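Sharing a structure below in structure tokens format, with a few things to ask.
Order as written gives the chain letters A, B, C and D; numbering starts at 1 within each chain.
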Amino acid sequence: MLDFQAILQEIEIEIQPYLTQGKIASYIPELSMVEPTSFAMSLMTVDGQSYHVGAHHKRFSIQSISKLFTLTMAISLVDEKIWERIGKEPSGSPFNSLVQLEYENGIPRNPFINAGALVVTDVILNELKDAQKSVLNFIRTLAEKEDINFDFSVAKSEALTGFRNRAMADFMKSFGNLHHEPSRVLDAYFHHCSIAMSTQELCKAGMYLANRGVQPWLSEPILTQRQTKRMNALMLTCGTYDAVGEFAYRVGLPAKSGVGGGILACLPGNFSICVWSPRLSEKGNSVAGAKALELFTTKTKMSIF
Amino acid sequence: MLDFQAILQEIEIEIQPYLTQGKIASYIPELSMVEPTSFAMSLMTVDGQSYHVGAHHKRFSIQSISKLFTLTMAISLVDEKIWERIGKEPSGSPFNSLVQLEYENGIPRNPFINAGALVVTDVILNELKDAQKSVLNFIRTLAEKEDINFDFSVAKSEALTGFRNRAMADFMKSFGNLHHEPSRVLDAYFHHCSIAMSTQELCKAGMYLANRGVQPWLSEPILTQRQTKRMNALMLTCGTYDAVGEFAYRVGLPAKSGVGGGILACLPGNFSICVWSPRLSEKGNSVAGAKALELFTTKTKMSIF
Amino acid sequence: MLDFQAILQEIEIEIQPYLTQGKIASYIPELSMVEPTSFAMSLMTVDGQSYHVGAHHKRFSIQSISKLFTLTMAISLVDEKIWERIGKEPSGSPFNSLVQLEYENGIPRNPFINAGALVVTDVILNELKDAQKSVLNFIRTLAEKEDINFDFSVAKSEALTGFRNRAMADFMKSFGNLHHEPSRVLDAYFHHCSIAMSTQELCKAGMYLANRGVQPWLSEPILTQRQTKRMNALMLTCGTYDAVGEFAYRVGLPAKSGVGGGILACLPGNFSICVWSPRLSEKGNSVAGAKALELFTTKTKMSIF
Amino acid sequence: MLDFQAILQEIEIEIQPYLTQGKIASYIPELSMVEPTSFAMSLMTVDGQSYHVGAHHKRFSIQSISKLFTLTMAISLVDEKIWERIGKEPSGSPFNSLVQLEYENGIPRNPFINAGALVVTDVILNELKDAQKSVLNFIRTLAEKEDINFDFSVAKSEALTGFRNRAMADFMKSFGNLHHEPSRVLDAYFHHCSIAMSTQELCKAGMYLANRGVQPWLSEPILTQRQTKRMNALMLTCGTYDAVGEFAYRVGLPAKSGVGGGILACLPGNFSICVWSPRLSEKGNSVAGAKALELFTTKTKMSIF
């Protein structure tokens, strides 16, 4: 039997040299105001045990990890119909590239690049009156934490500077692949990205991904078993930007990363795991976060492969 | 001595089979409301003689031909400094592609593709309070016609549907290559494109391009001789979208075309010539217009080559 | 306890409608001479049980499945050093595209696209005198079958028509990323692809991928446990051409496909599985093969996710 | 009346600071063995006057300037049919890119990029038994100089190192756009590029381009007037690699450059002009050569624009 707490503590020590590698996202001032060597890691097993090290109560901007939750909502709303407007393939390009979008007539390669998440948001807007609030409430329910909230200053900064995201939204609109006004979709999207959570909260919120679609403390399943399997497949092939191959190779877990420095991963049937450290690699993933997960799967010999 | 009027009349007859080829631009309703087999051709020599056939008084939407006049204004305002923000090379891509813009970090390939014209408009906005009105007044002066005007319904339609142009503007803003708000630049740009003129008016307005920078009826030159030479070089290498090679090969004149079906061309030192017919080739140039110019340079053996 | 034989037999029945979908590879005459509705499926568990349906003794051209075995040899020869010359990311492009190769200076995106396999072959040529024979012997050993052989007429046809592969080899040579003469590398590569095996043989040969690097009947491990995990990660993110996302989504097993219609997959710690049916999807994977694997993971609820 | 000799001498003085800018082509040893600050310029008017400055007797490797002569031969052999296999548009990409070739299914953008010249050579091979010798004889006739010859060591070096050109040839063969064996086409092509000529010889050889298709000392025209006009159009839009816009803007003459440092240009109806200086810009054109031509058209106010 593995002593998870001891393993996390080992990792917390071994990770030290990695905490000074990489660069904090600084395209908006709010993201750069965080302590650069922060580190936290939380693990929750499907039988309900939790383990933590580091600043696991400290909230950070979940950014692209929100794409997991918006996609989950969209799939629970329209299931497979979502794939009429988004692909399922890794992009082989930076997360915010417009090139592929042009070659592929406004159909984003997958739901985890920005363009794809904008279409996901547009789908939710089709189904629900208030996409922004609905997503927040959904996350609060997943994590059983009512005070999780948007960081409005982050959302506002994104709106003021996010010209590339706006370009993407307008571009997809020109191909007919957004049904709502780009500005409305962007507004909801920027708010989703701005949500602030701790590793402890994210780890708990993502339990259904490890647990065949079920949050044990909720009466209704979040996703069917089949939908959950597929969500994990998407995370593995598309969840870590243009580094999915390297991430699968080194870590071997389905995961979704964000430029706030968080990574949420899971081993289906076993555990949900979340790590946070704000310095990013060139490809936009937390350097120490990816290393910590690699150490974890190496030490425990637990991975999908 | 060539009898230009007779040659234009020959062309008017020979062009008939071409008037039914190609498709009228229909992305906004206003452009598709024109009589599809319309044809007009106007010639003005540097010694002041004018010749016309067809509906040469009929005004049509000049669209991208406006890029000639805005570039002329920008060059007269900031001269060579404009090339710090725009290239001078043919694009090898459709006029509204974002791919090259991404590979080249937001620097448009040349001032005659849409992205380039947006930067030109941004430059004019730096220098003049009211870019929109200034450009209109400039064109009125060039053509000596005070009732030339915007077609506000065209401009409004462009604004409502021009998501790809908006995407371009936002994209360049994200690279720092627009100084003003994208919406303001777009608004001026859409108005420039909406200006309605006849071949007779355009032909006269473009006389300076054939006449070393000078409109004979104005006291001040529009461009220096050197600037005029360079403007002609840009027209030849970049003026007819992704068909510049074919156009130079068949016609052999510096020219700028628009999706309204107009083409304004010149033979430096000799004449300004304008043709209009609304059906377009796949690459966006007037089919009968290009053919009429080819017939003209073949019959007269007058071209730059 | 699952009755694997019964499940395979169910699949054999349910797969019938899929056997007429897709197109047989016909770029060389030899590949098109196979019975188009052929089907075979073989399963081997890590505890040594085997199950088969269909033409499981019938040999077919393994084609790109050979890339698995050459990469295994190269990794056992030079381990991580191979990544200095090949990437680990999915390509987001067709398997034989030269575009990405140009943008990335002759470094192939991963070892499972053609360009990558040519570099792998070049690496083996560095280490072993006779790359061609060594690979054949390696596969014979893995499958415990001495009469597995090249199909020389397939290899010759590939050599005669494989101009795109030659272009790739020359292109990488121009970037300095092939050390041997392109013609020599291509010759070995075409021979590797021409090897003929049955699903029964391939399934057995690939057992080490499911079994932490070990063929139970051999004294020495083929790969370390860590290398095996990483090989599986590569298969999942790069093993099925530009359809890896879709394949992971629907099937959820690490796999490598070939244009001969074979797919070799595994569930680490559980089983090796091989399916064959020659008609291909547009992306180059066996239509019925992929469907049969999807049925298998759906019926057994056994996948990595 | 302009004093051309005086103008050339002025240019020879003013060009001095430019002779040390740029880099000599060094991808094969032979090209780098030339004196780096060499300079020569030759002018020949259509009425038969010649003017020279610098090392105008010194022969250098004409390289891509040979593309002019092979295209001329091909057009005189098959006229417009050549455009079934080659485009006429500027590439917007480096001269040796394979990207566009892939997007456009093996049809090179124009006859002056390497891929296009390989197709031109393939066309000549269709029509003439010995493409290599025929082209040499053609050039000897154009220049009235029987001792012009291949530089066999240059041709051999190109063959040994020209993997990118080989990749292009194989790639086009894979699309069916080469009819002969790639190795045979390449061999002829490398020999054409290796021909050594002086500015005096090139200037004379290119007279027909300035003189409506006629070498005054030959009984038969080389091209028709219409073909000559079109050749000039191609030179202007495609003759100076990915710098055609800049070249037209600054110089304003149809021209073809080579990496040996030569540029052959003309003003139709007026003169043929050739300049040589081996240091190249990043885009592959002679730095001092382009500047000298710019000085010439500025001083004489003679250009096509």
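In this section, contacts are C-beta pairs under 8 Å (C-beta built on N, C-alpha and C of every residue); 3 or more make two chains touch, one makes a residue touch a chain.
Just so we're clear, the structure is a prediction, and the values are computed from it rather than from any experiment.
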| item | value |
| --- | --- |
| Chains touching both chain A and chain D | B, C |
| Most distant chain from chain D, judged by the mean position of its C-alpha atoms | A |
| Selected pair, greater C-beta contact count between C-D and A-C | A-C |
| Approximate Å spacing (C-alpha centroids) for the pair chain A, chain C | 32 |
| Separation of mean Cα positions, chain D and chain C [Å, integer] | 47 |
| Contacts with two or more other chains, residues of chain B listed in rising order | none |
| Each pair of chains that touches, named by its two labels | A-B, A-C, B-D, C-D |
| Parts of chain B lying in touch with chain D, wherever the complex brings them together | 87-93, 100, 109-110, 225-226, 228-230, 232-234, 236-238, 242-246, 248-250, 252, 254, 268, 298, 301, 303-305 |
| Residue numbers on chain A that touch chain B, as the complex places them | 97-99, 101-103, 162-164, 166-171, 173-174, 182 |
